[in-house]
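So that you can tell them apart, the chains are marked A, B, C and D in the order they are listed, and the count of residues begins at 1 in each.
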Amino acid sequence: MSTLTMKSMLEQYVYTRDLTLKIVEPLEIEDYGIQANADVSPPKWHLAHTTWFFEDFILMHYKQDYHYYLEDARKLFNSYYETLSKPFPKSKRGLVSRPTVKEIMEYRHAVDKEVIALLSEGDDLDDEFYKLIELGINHEQQHQELLITDMKYNFSENPIQPAYKKASSLRESKQTVAPINWSSFEEGLETVGSNEERFKFDNEEPAHKHYLYPFSIADRPVTNGEFMKFIEDGGYSSPEYWLSDGWATVGKEQLEAPLYWGKHEGAWYTYTLLGLKEVNQYEPVTHISFYEADAYARWTGFRLPTEQEWEHAFKEEKIEGHFLENFILDEASDPEKTVFGSVWEWTKSPYVAYPESARPEGALGEYNAKFMSNQMVLRGGSCATPRNHVRLTYRNFFHPDKRWQFSGLRLAKDGK
Amino acid sequence: MSTLTMKSMLEQYVYTRDLTLKIVEPLEIEDYGIQANADVSPPKWHLAHTTWFFEDFILMHYKQDYHYYLEDARKLFNSYYETLSKPFPKSKRGLVSRPTVKEIMEYRHAVDKEVIALLSEGDDLDDEFYKLIELGINHEQQHQELLITDMKYNFSENPIQPAYKKASSLRESKQTVAPINWSSFEEGLETVGSNEERFKFDNEEPAHKHYLYPFSIADRPVTNGEFMKFIEDGGYSSPEYWLSDGWATVGKEQLEAPLYWGKHEGAWYTYTLLGLKEVNQYEPVTHISFYEADAYARWTGFRLPTEQEWEHAFKEEKIEGHFLENFILDEASDPEKTVFGSVWEWTKSPYVAYPESARPEGALGEYNAKFMSNQMVLRGGSCATPRNHVRLTYRNFFHPDKRWQFSGLRLAKDGK
Amino acid sequence: MSTLTMKSMLEQYVYTRDLTLKIVEPLEIEDYGIQANADVSPPKWHLAHTTWFFEDFILMHYKQDYHYYLEDARKLFNSYYETLSKPFPKSKRGLVSRPTVKEIMEYRHAVDKEVIALLSEGDDLDDEFYKLIELGINHEQQHQELLITDMKYNFSENPIQPAYKKASSLRESKQTVAPINWSSFEEGLETVGSNEERFKFDNEEPAHKHYLYPFSIADRPVTNGEFMKFIEDGGYSSPEYWLSDGWATVGKEQLEAPLYWGKHEGAWYTYTLLGLKEVNQYEPVTHISFYEADAYARWTGFRLPTEQEWEHAFKEEKIEGHFLENFILDEASDPEKTVFGSVWEWTKSPYVAYPESARPEGALGEYNAKFMSNQMVLRGGSCATPRNHVRLTYRNFFHPDKRWQFSGLRLAKDGK
Amino acid sequence: MSTLTMKSMLEQYVYTRDLTLKIVEPLEIEDYGIQANADVSPPKWHLAHTTWFFEDFILMHYKQDYHYYLEDARKLFNSYYETLSKPFPKSKRGLVSRPTVKEIMEYRHAVDKEVIALLSEGDDLDDEFYKLIELGINHEQQHQELLITDMKYNFSENPIQPAYKKASSLRESKQTVAPINWSSFEEGLETVGSNEERFKFDNEEPAHKHYLYPFSIADRPVTNGEFMKFIEDGGYSSPEYWLSDGWATVGKEQLEAPLYWGKHEGAWYTYTLLGLKEVNQYEPVTHISFYEADAYARWTGFRLPTEQEWEHAFKEEKIEGHFLENFILDEASDPEKTVFGSVWEWTKSPYVAYPESARPEGALGEYNAKFMSNQMVLRGGSCATPRNHVRLTYRNFFHPDKRWQFSGLRLAKDGK
């Protein structure tokens, strides 16, 4: 059996499926269909795709005589599983007005009913079944974060910039921030990655030896105020701070600040899930690309950490911080004492397979390994990550020019 | 006062506004927001834009202390009236999930209430007022046709190709078609265009002299069956039939048949507002570009008529045929005895101003004149045109590569 | 026989072929190969293409057992004659380093030798032969003008902006210009186009009746100084002056002045065939698109003339002015008393076939007719046009966004 | 002083500069200017750019009162040294017809004369001077290889596909090839990179510890015949073998074979520096992208080696093989017993900085480090690499979609 007991897995399944619905609760029907660029998907698509995952990998194999609830789900709501069927181009997902939101919700309920029945009664289910359920839950958690970041991007393109949520009173804005403190680490052959039995993605396996040289790492991410100094110092017009591909991106996209930032009467404003607000200089900078993170670090004279340094440095850290569940989101983020949550942190490590890792067979073989080119690893989780989704060894990854995730940076340096 | 009495104008206003709502009746909320390319608009946008027209040109001038009902209407639902405000880019109209459909409908009702009040009671309204109302009605009729053609295009991009309507039983499919008969006309100095008092667009004015050489014109449009022969004869791979820009378009867009056509097991199928159906060879060919119409004509050894020839030839024709109101649409179109309705007919005339025409001042000055480059004139109206919108002198116009309108062709030739 | 005697045709052939060589005389071998965008061709290509024309249409038909001198000429140096062979993409002409310039020159000499032999001795040659020779000569003259305008564009892209020629002392810069005078014309049915026996292109035929309304036309083209006032008045940022497609072009290409103009310390400079020089406000404005010409005219409250008005107005004008042969080119152009030469003048007429014109059969059928969409007619000739190439009825044509020709405008207006 | 004695450095300088001229010897003047896409440069540019390097980094600092020989060299022939001056866009290098080839050759001679004088007489030159000379020599060697690969690409775009060279008789075509043998290596903490005093690029420093897991590596690269089996097995239409970005590239560029390959009557042909020839199945496959190399490896069930495995495996290998100097080039390459030379071998390692490496200051700081994103490391050298340019620790790097280098692959696997 899997690493969760059957009972806890049923609870986890129900909890996760409900959390997804809670995320879309504030949406109007019209919001479910929009897709502002090819990187993002309409909320409706996320709802259907995560459901299709359980249908195709669970019900089709473990439920006798099961037929697809929606005839076209495989064609419309499949994603990168190119071995299964020729997928509908991602860039056109915003054109799928039918099936309707109501029909997608019925689809979710129908699939949930079947999966829950299997989880409640099934006694002769094999280990593979539980592994797939767990994978489906974690897959849905990934899409919960994308739901948040995609909606934010979609709304931001509407000239009236609608708010996703009202202001909460759970956390006050930061009014100050302490200077960076450095933690130092000795040279040595260390272990990175995971062989633990509890759930992890294939890209975290196996635990393996990696030689680290002496390094130091900052105790908090870089703040908006610190990043503004880079802007004011001409960071975006100084090629010497930028990687070659990064500088080309600055030129092509005419970048001059993080995504969503705009200047108005001398002050920086940013679109948030609450609408436009002034940038708080004491919160962690976010919505920057790897190129921007790398250029900022070079400007300071420091550098980004490698993913192995990051993992080694925070081995003892508790998984505490600012996560999806409280729904404060990007309303108010605290850079201090934060390792996990708030903002994903770009590392200087390209996303590659660990030594001796195996590529799984079949459609799920495409799960992570096929993205191992041109992407950079991010660590730590963000304000849109479900709390129990992230771990020390968790590896997130995006192309180095992407900015619509809650992505920031933490400084590191050689030696002490 | 204008050419309609006040009472008939109120009736016409109410009738037109209601007809628009009848068009969108079969839509789900999700359908209102989609936009499959930059040529088309989401249905929601059409509903709001036609309303904004009455609000901005009527209520803001004739209703004391009127304030915009939707604060952002001018920004979101303005179109080409670039002198009024910087418009939101047309290609992003599909991203405007808010205001919602419900809010747009309330906006329509609120504006209607005010306009109807003015039309019912207003005794001291000037001539300009009635002209603007008439223009607004005719403007809305143009958007009724676009609502149909845009929805068709939007739906066609969904892999499940939803049907807009169920089959009606009002008209049977054609089972045969008679050969073309030619009507011949003498040489002479003729009058083209209109000075009539009844409503017409500025681009139809003034009536003016134009010298015509002897010509003949076909008594019906070209059929699907006739066009298939052009395809079978290698028409799409023979540069000698094509204008240079047309041939470039064939190559770039890899054209090999009219829009919406696809071949399946030897037979041509086409997407229609009822879903996929087999192409009926006795109906008029439609959804072809000017380039395709011109190439087809050259292949036959004939040519397209000029717009002046077309107008002169059909001077005595009654405005009868297959129009929007019966909602058969492209379900079953009859090429015989058809001059008006069914399909717009490409002429060989570029869209230019008539001699001695004046360009109106102000925002409405942009109404037609600013499109007078790179577009070709179409005549006659289609199955999606409201019956009382079209006239003998009516000039429709589109870029020569556009195919999403109900556009076909009628042959002509020099001499008898 | 044709309209030139055999003897004068031989002279004309030799004269024209030599003039082409005189145009390229100042070039370095490296200059012959460059192509700065897909609109222009490398000088080498023009030299080969005009030669291929005589080879393919004359020698292959009138010289027994003739074989292509360059095996690949048909593939490489054919242009739009798509019926003959699949042409090499125009945009890649700058990559054809072989055959070398020397080989192309040998090709020219070899073909010239054969054509001259035919012209000198041939007694049993048919009328078609002489017509093709004449067409070939006129075709080469068109490429002489393109050689000049293409070289100018090519050189302008080199950061060191090389000069094609040294300053001549043949003409002094203009120091003043008289205000516009208007010539007025009565309403009436006039004749346009040509049935004359002397050479003309097919697009000038036939002479035909055209009804003109009263109009007036300026006695000189618009000057740089006048156009600067349009710029200073915000012409390039005022959508109300622009056609819709023109305004889109202004935005996409970020236009703010004629091609080759740049501002330096408050003064306008322009790249010319002599290198950079300050813009002379008393010379005709040139290198503007139809869109710019049309916007300028609307800004003044006047309009462009139609091509029929232009032709009618200058019926009695002698073909005198500033042409290619003196090689002053754009060094110093005089707007006064100029009808022919100096700058081509955009008209408001789309380029279409005249009534009752026939489209010739075969490859030469593509000569002019296939360009009859999306292009506008220009009249009058420029400083790069050979003197005996232009005539009253001559119709030049380009897409409305093109600016690399010597293209300007003359104002017209309705009535007196 | 540097690692070469002054005398040997003078010899090496002269030898290298002469070898560059030998490479361009077969070119016509017209060939020097062409540039078929933005990845490649015209031969003329390479000649000037390598000269400018010595001028800007040596003569401007070590030769008193030196002035740039070509006023515009910095603007035209600078490359990625963006901190020095705003460079002319790379994609337009093919438009620089002036300075002429003759002027560039004079520029080379003039700079050579000065550098040789310094190298011959200079007694008070500092260590930095010799380091820069050595860097300049190695920089020129990199451009020697690019000269070959760029010319090949440029010529291939000419429809007549000119040959760069005549067939040599130095080496016969392979008629057979032995099956792969595997060499196996134990697990352990190994040293990678170089601290040696002899010249190396900054990206090879410092020597550092890296933990290797047991692996095996093939004794020869993959052959054309082996790669054909991948093609025949549907490799290019099977998404399961491809990285996600690779599969997207296959679709966008419609790839179905290595660059330069085309099928004719059932046999594969390829463009080579001798013109078209049939693909020899016993030679190493080349002109494939990282994506193709990676997909091929996955299809076999093996994988690419990491760059550390490659370096460790061939520690004892002599630098022997098929290099630039014999000018056989891609005429006949031998996969057997080849480690260095013939074809660069893609590794599975993204190009990143070694631990504790320092980024040099100033313009030369951009030399290698700024390319450390989105590129993959290649090892071993090719038939176009100068023999003394490559070393065990040498790291070449290109974006994973690039194919115009002589790039192939060698298989590896986990364990024995």
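Brief remarks follow.
Please note the rule applied: a contact is a pair of C-beta atoms (placed from the backbone, for glycine too) under 8 Å apart; a residue touches a chain by one contact, two chains touch by 3 or more.
Per UniProt, the chains are A, B, C, D = Ergothioneine biosynthesis protein EgtB.
The structure presented is a predicted model; accordingly, all values stated were derived computationally and were not measured.
With steps allowed only between chains in touch, the distance from chain B over to chain C comes to 1.
With chains reduced to the mean position of their C-alpha atoms, the one farthest from chain A is C. With centres set at the average Cα position, the gap from chain C to chain D is 46 Å. Averaged Cα coordinates give chain B a centre that lies 59 Å from the centre of chain D. Shared interface positions of chain D, i.e. residues touching 2 or more other chains, are not present.
Residue ranges on chain D touching chain C, taken from their complex, read 28-34, 36, 44, 72, 75-76, 88, 92, 94-98, 100-101, 154-155, 157-160, 162. Only residues 80, 82-83, 189, 208-213, 239-240, 242-247, 290-291, 294, 298, 348-350, 352, 355-356, 359, 365-366, 370-374, 376, 400, 414 of chain D touch chain A when the two sit together in their complex.
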